[in-house]
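Worksheet: one structure, shown below.
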Amino acid sequence: MQRIGVFVCWCGSNIAATVDVHAVAEAAKLEPGVVFSTDYQYMCSQAGQNMIIDAVKEHKLTGLVICSCSPRMHEATFRKTAANAGINPYMVEIANIREQCSWVHKDMPTGTEKAIILAKAAIAKVHLNTPLTPGESKVTKRALVIGGGIAGIQTALDIADAGYPVDIVEKEPTIGGKMAQLDKTFPTLDCAACILTPKMVDAAQNENIRIISYAKVEEVGGFVGNFHVKIRKKARFVNEDVCTGCGLCTEKCPQKKVPNAFNLNMDNHRAIYIPFAQAVPKVAVIDPDYCNMLKNGKCGVCAKVCTAGAIDYKQEDQIIEEDYGAIVAATGYNPISVEKFDEFAYSQSKDVITSLEFERLTNAAGPTAGKLLRPSDGEHPHTIVFVQCVGSRCASCAGKGKEYCSKICCMYTAKHAMLVRDKYPDTEVYVFYIDVRTPGKNFDEFYRRAVEEYGVHYIKGMVGKVTPENGKLKVQASDLLADRQLHIDADLVVLAAAIEPDKSARPLATMLTASMDTNDFFTEAHPKLRPVESPTAGIFLSGACQGPKDIPETVSQASAAAAKVIGLLSKNTLKGNPCVAQSDELMCNGCSSCANVCPYGAITYVNKEFRMPDRTTKVRRVASVNPAVCQGCGACTVACPSGAMDLNGFKNNQIMAEVDAICK
Amino acid sequence: MKFSYFPGCTLKTKAKQLDVYARKCAEVLGITLEEIPAWQCCGGVFNASRDEIASKLSAVRALSAARDAGQPLVSVCSACHNVIKQTNAAMQDDGEFASHVNHYLTQPGQGQAEPYYGETEVYHYLELLRDVVGFDKVKAAVKHPLTGKKIGAYYGCLLLRPSGVMAMDDPENPQILEDFIRAIGGEPVIYAMRNECCGGYMTLEDKALAAKKSTAVLDNASVNGADLLVTACPLCKYNLDKNGKNDLPVVYFTELLAEALGIKE
Amino acid sequence: MEKNKTAALREQILRASGVNPKKCMRCGKCSGTCPAYDEMEYHPHQFVYMVETGNIEPLLHSESVYKCLSCFACVERCPRGVEPAKLIEALCAAVTRPQGANHMTPDDIPALLDEDLPQQAIVSALRKYMK
Amino acid sequence: MQTVTRETLLDKASALLASGEVSRVLGWKKGEFAYDVTPAVFESAEEMEKDFVYDIFSGANFSKYLIKETAKEGKVLVFLKPCDSYSFNQLLTEHRFDREKVYAIGIPCDGMMDASTVKALAPEGLVSAERDGDNLVIHTLYDGDKILPYADNLPDRCRHCKSKKVVAYDEMLGENGDVVDSHRFDEVAELEAMSEDARFAFWQNELSRCIRCNACRDVCPACTCEKCVFDNPKSGVENKAISDSYEEKMFHIIRAFHVAGRCTDCGECSRVCPQNIPLHLLNRKFIYDIDRNYGDYMAGAEEGSRAPLVNYKTEDPEAADVLERGDK
Amino acid sequence: MQVNESNIVANEEFRPKIVAFCCNWCSYAGADLAGNNRLAYPADIKIIRVPCSCRVNPMFILRAFQRGADGVILCGCHPGDCHYTSGNYYTRRRMAMLFSMLNYLGIEKERTRVEWVSAAEGAKFAATMQDFAEKVKALGPNKRLEDLRCKQ
């Protein structure tokens, strides 16, 4: 039997004005197990707390009921008080007689009657409370960042600067991601490479950062603070530690017809290549699909010219296994394939390009050395049509487009239009838009400059058809404000393709047990309050893998994710919330209902041997809750048909005791 | 394999070549076409209005005749195919429409016993070539390949749209006619207007519009290098031939097929 | 037209066409894609908007309802699945259905014939334009 | 038409036992009376030859027995009628037994009699009953033979059969059937159409007959908990006997809720109820509600499918809307 | 009832007993906000705090009716706003099914309710409770699901 103390707070007159606090204390005395009951002006004050501590000692109390304000206000306070008094902090229950009683009921008799019932409910519950101790687990002080674009780089740099080791796993041979392919950035028009490449170098030189490029995550096990990850580093056939990045091999290789993915296949590189001049790591890589030596053993030119002796045709994939305390997903985005929207003739004409291709065409390091030339004939285009929302906000085209707004297209299109008009004032630029969306610092001003200062023709309407004919692109479109159909003979058409999460995200989410929305964007733990955390503890989100984002947003989210990681890694151990689910193995059927509803993947199944009454043993599948991962929502407790699953702090019998007390 | 065949009015009159060659080629390729007895005009155009029932009855009759024969239905004319396929989809998906139609058709004297709910599989002749015969087999059967012929495929509207229902090919970047052209040894010419409207339905109402639209199609095809257009639609053919201000020849795809298979008289 | 009569007509058109004009996000792709745009007084996006707002009267008296080529390009390319052509056809049916309101009658046909004209041109013209 | 006979099954089972492929057979066994066919485990061909029966009373669903039988050494042969196969799949979905330890033979079924149905048709001097073509022939002591149409006199669960398709088997004997629509929700809809008061009166009358024998629970292939909440003092609902009009309501609501989304509508609960309470109407209410509100779902139709109550859609209807719909 | 008699209202009229289950993150906070804003609602409502609406087992609700509750209301975060991301979606299905079943057994549907109340909706909380209490009061005492042995 518990020895329960009841403490009724007046809260000045906040409670005492409509609740007869003395009567409540007196009524509580009559409840079974209550050995002490009193009231006081301010229970939360130092004096009030001391009074509780003294009472615990004097009356050997094992459970406390505080009738006071909302537990959301002072539950933590009174738990500490209990700990100071030497009893388990989870032996405290609060009866909310202020917010949910004295403040909402006008007359004393009503308020008093209800306060007594609430006190009795709390007493009934505390009878069944058991001491709870938060589980502790060790934290591995190393973070993994998956994806080496600007999001991953920023997150890794911030974590590394706080003194924790970080690994970046990047699937391409170099870090840099999409931003490395961009020309200028909005709304400042500074060059992307100028601001990105120093960060890439920082990452490479930071002793806390290890870049594992040309690699992918293969397996993830464990839980927050204790992840175990298997990473496959693909063979690049060049010894990374030896290659100096001189680039001689990339000039001598006889195989010249390898599409250059970095330039979106608008030109070619050799079978051995360095993706771009500022690549990090600046190490050559051999494309085994094209290399003559690897395909039929005849060549070996690169090995001959390499003075460092870095070429290794026998190199194999390497498996790296490592423990991490936290994992950040920064897998980024890709433009969708626009071939399905062939009313814009993307597959029919080289002069219909995507915006990302346009970035390469205007980039000084791109296939045209920054001169804006038509891909078909290398001529300078005089009329350019930009089409917005290609595949974005597209609800009807199942599998083709995306229902959401891709967010970045309005701004980069304004940038492109402006850059064209700036460099080539003789070029007419049309932008067809549905809405121009520019919520961001200096964004609308930027867009207006494109219209007002640069003379870009913004037309409210949509292109319906692009017809390549006689070297021109005949664009048929609507101009809704003028109520007419336009026919423009364009030289170049640029499509603002919708963006979608990288294809690697979905299998990664499965490995991480992180949830995803229907568009394959990672879901955040809370859309407003926990935007950089996945619902799965220890998994954090950085950049466009969580939703479309521009660079400033990506970087802020990347740093926010880093802050969360640092907060986690700064702890030696993790104290969990002890109010977690617990399964009674003897009753568990192993049916998986609980695991099906668990939003955190906290439940796994083990085959356990049970000794039967007849001395035989029986192996059964039973649920096992990882207390470090469980967040204590209780969904599993109701899904469980046998009632094997229960929730500490809110046990079935505790809640039913409250029900009984209220309905008495 | 046996199919219920719906030729349609135009193929019995003005577009006899389309019909005759379709039958002959099928024979050569091992397909048996069984003409649906006492078929009636498909209605010419599928009225998108859900409450328009009368003009869709004959299509339902043809479909249920095929169902009763236990055979898929095949048609050659794009317009017939479009009407029949859309009607079939409406009978499957639009319960209210289907119950109206069935209520009427199962009345005594209407000659239909069982209500119809879109059970019949509907093929266009081209789909038959692609999915049943296989273009590889077509290619193997070719005796006189049309080598060197630059042929533009003209899809028009009816074969492809609405794509959700017609489901023949990608509505914006179709391949089926191009693959057909390759199979018979020709060289397909891709041009953007191949799936744009020729204005055929306006040929009575507004000749000028029909002329404008068909000329645009023909011009775009010839500028992109086509020597010849193929089509599956008699109305398109008529309109392109008659109203288009461009001499680019337009032929039915079955005629070219017959030529390639060496059975053209 | 009286207010509730318009409302009833609007309801009938929405039902017959199965179109929900509220899905329209006013991008104008239908009108950008329409091959008969220049022949129309009211354009596909206006059909959608005017039906949505109940401003149907002008559409009933406009030649535009007969100008639709039924090519379904607008239906295919609409990013929101609004299907303007279906709405226009339903309007056309609403206009031609009342007795004597046929836009074209069999009597008009002979003057328009030539010897190559395929049957389907006549059939479909009649189907499209008369009850 | 029953193309599969006792001999077919016997031959099959004997061969499998003889080859050592299976060690045990779950089958039907003769009872005291001809209509008292009970489930049994056979370990040899001889035992089977002696006691195995397969007739119009072989209705028992064996799936639940597999939990126990597969825990033993060797493989078990089980005969699955269409409705049994749904329970079989559902138990597999819930990882309740090892599929590897079962050899499942699917057998077609076009309805099985049960003792109480036949007794009701021949209350006096019932001896035995058999099927003759489309007829049910009941042999009685005093009135000779009674001949009735078979299909029309089937118990409710077979008249409202949801499926004649065996959905899980290693080997199918005879021809497999299809999922059928036999208006199994009509009775639920009728009840829904009644007033609250009338419904209360209906259920009060039905449930007040409950004697808490637990037969419905014990036979139910979805009720396979290691320890049932009603037997567990910690659950707060443990109570073995009824002592108040409330008790049986509580029992049946909780039982129905526990199997909601998992019940395969096999009808065993109503079959075994000694008080003839139409318990299947509770389970069907849930199935009907689930179908109407969350999309058609048949527990056990597909192994591994996620039960509707451990699943959700963001656009699910609100509870109030569901209530409106159920109350026409 | 063992309380200071002078403070108890001697009241002949029927006063329903209502149990309100509120999730800790939204609805319980909404109830607190109603208190902060001094928005009155009947004292017949007694709140039980649960971490999430999905913690509420149908057995709790049946238990409440068994013990004499006249109405049970369950409040949680709005769909999509669940603190645990998806708990209230399960709640919605479970309670829809349970309440539909209770109604099928003849229990008046006004005795049960699910309401989504956010932490910011103090006014909605008070108004909902007011309305629910009135409806339950109008129905009179719960006789159909109570367990007579539990009455004192």
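First chain written, first letter: the chains are A, B, C, D and E, and each begins at residue 1.
FYI, a residue touches a chain if its C-beta (ideal position, glycine included) is under 8 Å from a C-beta of that chain, and two chains touch if they have at least 3 such contacts.
Remember, predicted model here, so these are calculated numbers, not experimental data.
Minimum number of contact steps separating subunit B from subunit C: 1.
Common neighbours of subunit A and subunit C under the contact rule above are B.
Comparing the centres of all chains, each the average of its CA atoms, the largest separation from subunit E belongs to B.
In terms of C-beta pairs in contact, D-E outnumbers the other of A-D and D-E. Of all chains shown, A has the CA centroid lying nearest to the centroid of every protein CA atom.
With each centre defined as the average position of its C-alpha atoms, the distance from subunit A to subunit E rounds to 36 Å.
The geometric centre of subunit B is 53 Å away from that of subunit D, both derived from CA atoms. Rounded to whole angstrom, the centroid-to-centroid distance between subunit B and subunit E, based on C-alpha atoms, equals 64 Å.
In this assembly, the C-alpha centroid of subunit C lies 54 Å from the C-alpha centroid of subunit E. Multi-chain contact residues of subunit C, defined as those touching 2 or more other chains: 73. The residues of subunit D that reach two or more other chains are 229, 235-236, 309-311, listed in rising order. Residues of subunit E in contact with at least two other chains: 58-59, 63, 80, 86, 90, 94. Pairwise, the chains that make contact are A-B, A-C, A-D, A-E, B-C, D-E. On subunit A, the positions that touch subunit C within their shared complex are 343, 389, 393-397, 401, 432, 434, 460-465, 476-480, 483, 485.
On the side of subunit A, the complex with subunit E involves touching residues 20, 23, 26-27, 30, 70-72, 96, 98-101, 103-114, 116-118, 121, 515, 523, 525-527, 535, 579, 597, 599, 631-635, 637-639, 647, 650, 652, 655-656, 658-660, 662-664. The residues of subunit D lying in touch with subunit E in their complex are 188, 191-192, 196-204, 229, 235-237, 243-247, 249-250, 253-254, 256-257, 260, 282, 285-286, 289-290, 293-294, 308-314, 316-320, 322-323, 326-327.
Put simply, subunit B touches subunit C in their complex at residues 8-10, 13-15, 41, 43-45, 47-52, 55, 77, 79, 156-157, 160-163, 171-172, 196-197, 199-206, 209, 213, 234-235, 238, 241-242. Those residues of subunit E whose C-beta lies close enough to touch subunit D in the complex are 58-59, 62-63, 66, 79-80, 86, 89-90, 92-109, 112-114, 144-149.
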